[in-house]
């Protein structure tokens, strides 16, 4: 075989291997998705949304408690995390610019985005759960907020940065004060991007389990009091799936399905916003 | 029909009724183009931006095959064989027909390894032979003096003009029969440009050259033949003096006198 | 008036931004303070002691550290070649018509919560491991494999992104010399995108080592060091997930806090290496 023939053969082999790894990778992921959809749809029913948790063996168990708990946990986390994140991101993009402080905040936020979320749970346990003597919805929301903050901060920073500086200058030239320029010109210009960041941030914390395990803990019944332990879809999913009871496991799949659909929807919406913006 | 001058010498390539359609285009981007390319000469391709010069050039080494959905029709003869056939050995074709791009494209490796790249692909392993051929190529590309002290340094440390000459050295190291240049000086300063032009003229002795340029002076300075393209068609191919002094087609005249562009 | 609002706005924004830094410092401080009891009780032997026995108030972290390292290592050796393969497929082989949908699906899969991967692992993968290797199927090996599948989409997507930074014209130049796809990938794309590719792998490693839910279901939380990968094991996050809510003594808590601190320091270090050494931040636009 000549050298070039060898190269051609090697090339063929590698191309086949690459395609194969793509097939394997995607095969696994399709497997997981189909398992999720098949089990999830199978377990889905109206009672799931109407009923609270029930002891194993009781056919009427639902996920209402977990759905509402999840909604409360994520909503409160977003209620604080989103505006704080946007404001901090605004500082980086509009005031801090390339200053040492701003760059440090960027670096640390980047690292925090990939840091283990269970550690945040431990931190919140120490500062909220232990002093108050009990697990609570608040503790869970605070943990989620801490995880969400760097995500929103960094996307806001990047998205505001994309607004052309000529736009800012034009507004300044009209004599507008800086905060007005930011609110009326920069935010408006970066609306789609910031919204995408928010959606992705919310999607990310909605799927978090580990930091809730010992903050909001769990509750098998409906509770809307944030100062009490609170159910979430993710922790419920974990508890039900690892339980030996088949009806609980089934509910676990339903929770997994609902949660995944919610998160995928947020992700797809986020992408569409960005695409629409680029299309313009 | 285009006005095409008789090529006295042998032909390096012959384009016959060639059509090319990009993936997704409704109509051919190059239409029924017929054109001989003289051997051991420099043929310049000129014409307004978007007229299809690059597209034609990239057909000669089947670069378009890298992207799916592109379509060739007609024939391009190279050594009496149509290179557009589905069975064409593209690896061999590309070692016989080399290409220099609009911007210098030094690979992320040393100067030596850049020039040795094509040779190694062909299986040349012998150290002294590699050394010799690399040195020869660098000399032929008039960059040996600047490069010899730093053959093992990263090629990206060279200036733009030096990098472009390195790319030429890399292309001629494998001793191609045809060299395709796509606006090789568009990213360079005037002095580097003059150097590259000189080099191109020098190379004509060994290879047949096709050079795309948007710069008519450049075409006039370096080429033996000039083809004027417009809207995907060849309007006129003639000896360069004739094209610039006594063009036969009105469109050619209007273009070279700057009536449009 | 405008002036005052301007100042308030600017300072509020700055205050919160700095707050993020302080928060991170606070996290480290709190974890450290809560670890003190354990640090004082065990000192350095916390890291080298293999016995984790809450009933005896003895806490050695070595089995958890060992489990974290081994499961992550397993995940990496499985996921890296697959991720490179997928990335080559996406950037160089796939037809445009496949490229986009497959690429987007992979990015979306990276967004699926890890608890789902864990659940899938427990119900569908554990039985397979059990059938092949015997035992209960809950093991270090299972954890490594599930973890590799969980990080694969992220890794493949970022590797592809890194590869895609190679300018087309550079690749074309290599093709123009008669290179095959593989020649171009190994000689041009990988050297060109090296820093980005290695950076993404290290970043994935940093994430994998702190991953909790994908492994908690399938690892077993057994504090034992075994060379047999088909045995149940534990890792730092698995220990935390299983024991934090149940800890019943100050020293037990403190040991768990020390584990948390350890995990945070390890992840922080790995992610910092990826970020600062390989992935210098590039601002998009402008």
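Per-chain numbering from 1; labels A, B and C assigned in written order.
Just so it is clear, contacts are C-beta pairs under 8 Å (C-beta built on N, C-alpha and C of every residue); 3 or more make two chains touch, one makes a residue touch a chain.
As the structure is a prediction and not an experimental result, all values here were calculated from the model.
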item: Topology of the chain contact graph, where touching chains are joined (line, ring, star, complete, other); value: complete
item: Result of counting contacting C-beta pairs for A-B and A-C, higher pair; value: A-C
item: Centre-most chain [mean C-alpha coordinates]; value: C
item: Between chain B and chain C, centroid-to-centroid distance (C-alpha), Å; value: 49
item: Centre distance in Å when chain A and chain C are each reduced to the mean of their C-alpha atoms; value: 16
item: Rounded Å distance between chain A and chain B, as computed from the means of their C-alpha atoms; value: 52
item: Junction residues of chain A - those touching two or more other chains; value: 4, 7-8
item: Overlap residues in chain C, where contacts from two or more other chains coincide; value: 178, 180, 183
item: Sequence positions of chain B contacting 2 or more other chains; value: 91-92, 121-122
item: Of all residues in chain B, those that touch chain A in their complex; value: 91-92, 121-123
item: List of chain C residues in touch with chain B within their complex; value: 95-96, 167, 169-180, 183, 187-188, 191-192
item: Touch list for chain A against partner chain C, complex; value: 4, 7-8, 10-11, 14-15, 17-22, 24-26, 28-29, 31-33, 35-36, 84, 87-88, 90-92, 94-96, 101-102, 104-112, 114-123, 125-127, 135, 146, 149-150, 153, 158, 161-162, 164-165, 177-180, 182, 200, 203-204, 206-210, 213-214, 217, 234, 237-238, 241-242, 249, 252-253, 256, 259-260, 263-264, 267-268, 271
item: Contact set on chain C toward chain A in their complex; value: 2-3, 5-6, 9-10, 12-14, 16-21, 23-24, 26-27, 30-31, 33-34, 81-86, 88-90, 92-94, 102, 104-106, 108-109, 111-120, 122-124, 149, 152-153, 156, 178, 180-183, 185, 203, 206-207, 209-213, 216-217, 237, 240-241, 244-245, 256-257, 260-261, 263-264, 267-268, 271-272, 275-276, 281, 283-286
item: Residues of chain B that touch chain C when the two form their complex; value: 61, 63, 66, 68-69, 90-92, 94-95, 98-99, 101-103, 105, 107-109, 117-118, 121-122, 167, 170-171, 174
